Structure formats: C-alpha cells, structure tokens
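Structure first, commentary second.
Labels run A, B and C following the written order; every chain starts at residue 1.
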C-alpha cells in the first residue's frame, strides 16, 4: 500500500478568541495545509476549570473549538513554529501519522 | 494496566460526497470496526482552498465530515487497503494508539 | 522549538450513558487535565452495529460522544488507570503527541 508520513495538528481554542479568524486566514491563504477542519465541542474546560458549554437554547456561547489539519512533517514543523508565536503554550498538539497514497504537493 | 495496540483512522470527506453512505454501509455491515463516529466540522477547506462552512441559518451546506474508527492494526491495514480503492489519495489518515484492556473480537 | 511530550486521550461514549456527568466531574474537579473537550458525533455505531444518529428535527437522540483531553504522560497513565475501573474495555484510546512549549503545571 502506498502511504506517506504526515503530522496531524490540533489547536485548542474557544470561539470567542479574536484571533481565530486570523488563524484560519493564515491556514487558508499562506500555509495551504491539507484537511483544515474546524470542530466545535459541545462542552469543555481547560486547566482554569472554567466551563464552556452549550444547550439547544443557547447556541451562541463561547464554545471550545478545535482546528485540525495535517501535512508533510517538515511543512508542519515550520507552521507550528510560526503558530507558536501567535498561540500561547499548551494549545497546539501534534503527532505523526500515515496517509493513504502520496499527497500531491499544493501549489 | 491491560492495554492493546490499535490503529485510529480518520477519513476526511464532505457531506455532499455521494459515497459517504456507501462508506458507512461498508463500515457497518462488512468491516465491523470499533467506535465508528461521524463528526461534522463547522468550517473547513482543503488544498483547493474552497471553503465549506455553516451558520445557524444555513445548516444544510456541504460541510466537512470526518469518519473516525479504530481497531486492531492488522484488521485496519486491510480495511485501509480496501478504502484506498474507493477514496482518493490524501484523505485517509491513521496512526497507532493504545486502548484500555483487551478488545473483544467482533463476531 | 520548545515542545513537550503529552498523551492524548479520547473516550468513546453515548450521550445517554448515565456516567458521562460523573466522568466530566472527575476530569474537572479531580484530574484537572488539560484541554477537556466534549464532541458530539452526528452518527455512529460500535461493534454491536446499533446506530446512533441525528437529523435536524430529532436532536435529542442518543448520539455518540467523544471526550478528549491531554496532559503529561505520567499523569495520563494514572488517570487512564482510574478511568479503566469506570469504563468498560475498548472505549479509551490514547497515544503520544507533542505540545507547543512547556505546559504550566496545573495547581
């Protein structure tokens, strides 16, 4: 089976974070990584213990959000280094994985 | 602690993809893997840069969807090989993980 | 780049499981792990083959839920050992990852 090495990245934020737009713009316009997906959690809390959750009635709360993407290891390395200057420590998690077949380079 | 090796798989698609139904049927009826879960992202884009996103008003868009599951490494290997014939390169990501206790074989 | 080792944990449950509240209380009040996020899937099934899914009209079903968090490897090890006494085999998946910069210890 054809497979390649990738790094998967998950960035843990909240919807209310002002820089989420900026981050997505960077990922879309500059980094051009693969598989960018934004997931909204229904509840969450970090080390502060402060809850972020939703009900059907109140869908506009400050919910936890995870931005996920993946790409070649070297490319991700430099992207994480850049993001590290924008996002405070402890919010970017990444690990090695395999991907089916060979990815086409993004022009 | 009892733990076993598994492989976690995430398949990156869009809701509008006609073969999502077919994939889920295969996973449900034939592969019988563990923990199949379909997650809908609230926004996303791939290497094409084309956005897929939602608002509260417009919930029927072509949103990014991730199908996740896990199982024993050998079993996943043959499943990914099969899926590889159905899904174009660069959309199936998988990595090794541990699972609590020993999984019961699925009959 | 400053990075540390973490373990990422994903627990696979259903909304209707009575012990979800108890689990979240434990993670919030006692374990004090990082990045706890609850994700609701839109569809899913396990080894039993029983479907759990939603439509826009029926949002109150027994949907699949994943509780995710991460923290230092030693800390996670003891947490998974505890959770193992509460959650039946085959529902807690975890793997090694890196995190940006050094995490502050949670007091």
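In the analysis below, a residue touches a chain if its C-beta (ideal position, glycine included) is under 8 Å from a C-beta of that chain, and two chains touch if they have at least 3 such contacts.
As the structure is a computational prediction, the values presented were derived from the model and not from experiment.
Q: Compare the two sides of the chain A and chain B interface and say whether they are made mostly of the same residue numbers, over half shared, or of different ones.
A: Different, since under half the interface numbering is common to both chains.
Q: Once chain A is fitted to chain C on CA atoms, what angle does the rotation have, in steps of 5 degrees?
A: 120
Q: I'd like the Å distance between the centres of chain A and chain B, where a centre is the mean of that chain's Cα atoms.
A: So the centroids are 18 Å from each other.
Q: Which chain B residues sit where two or more other chains touch them?
A: 39, 95
Q: Over in the complex, which chain C residues touch chain B? Could you list them?
A: Going through chain C, the ones touching chain B are 10, 12, 39, 41-47, 49, 51, 53, 56, 64, 66, 77, 80-81, 83-84, 87-95.
Q: Taking the complex as given, what residues does chain A use to touch chain B?
A: That would be residues 1-2, 6, 8, 24, 28, 32, 34-40, 59, 65, 70, 95-104, 106 of chain A.
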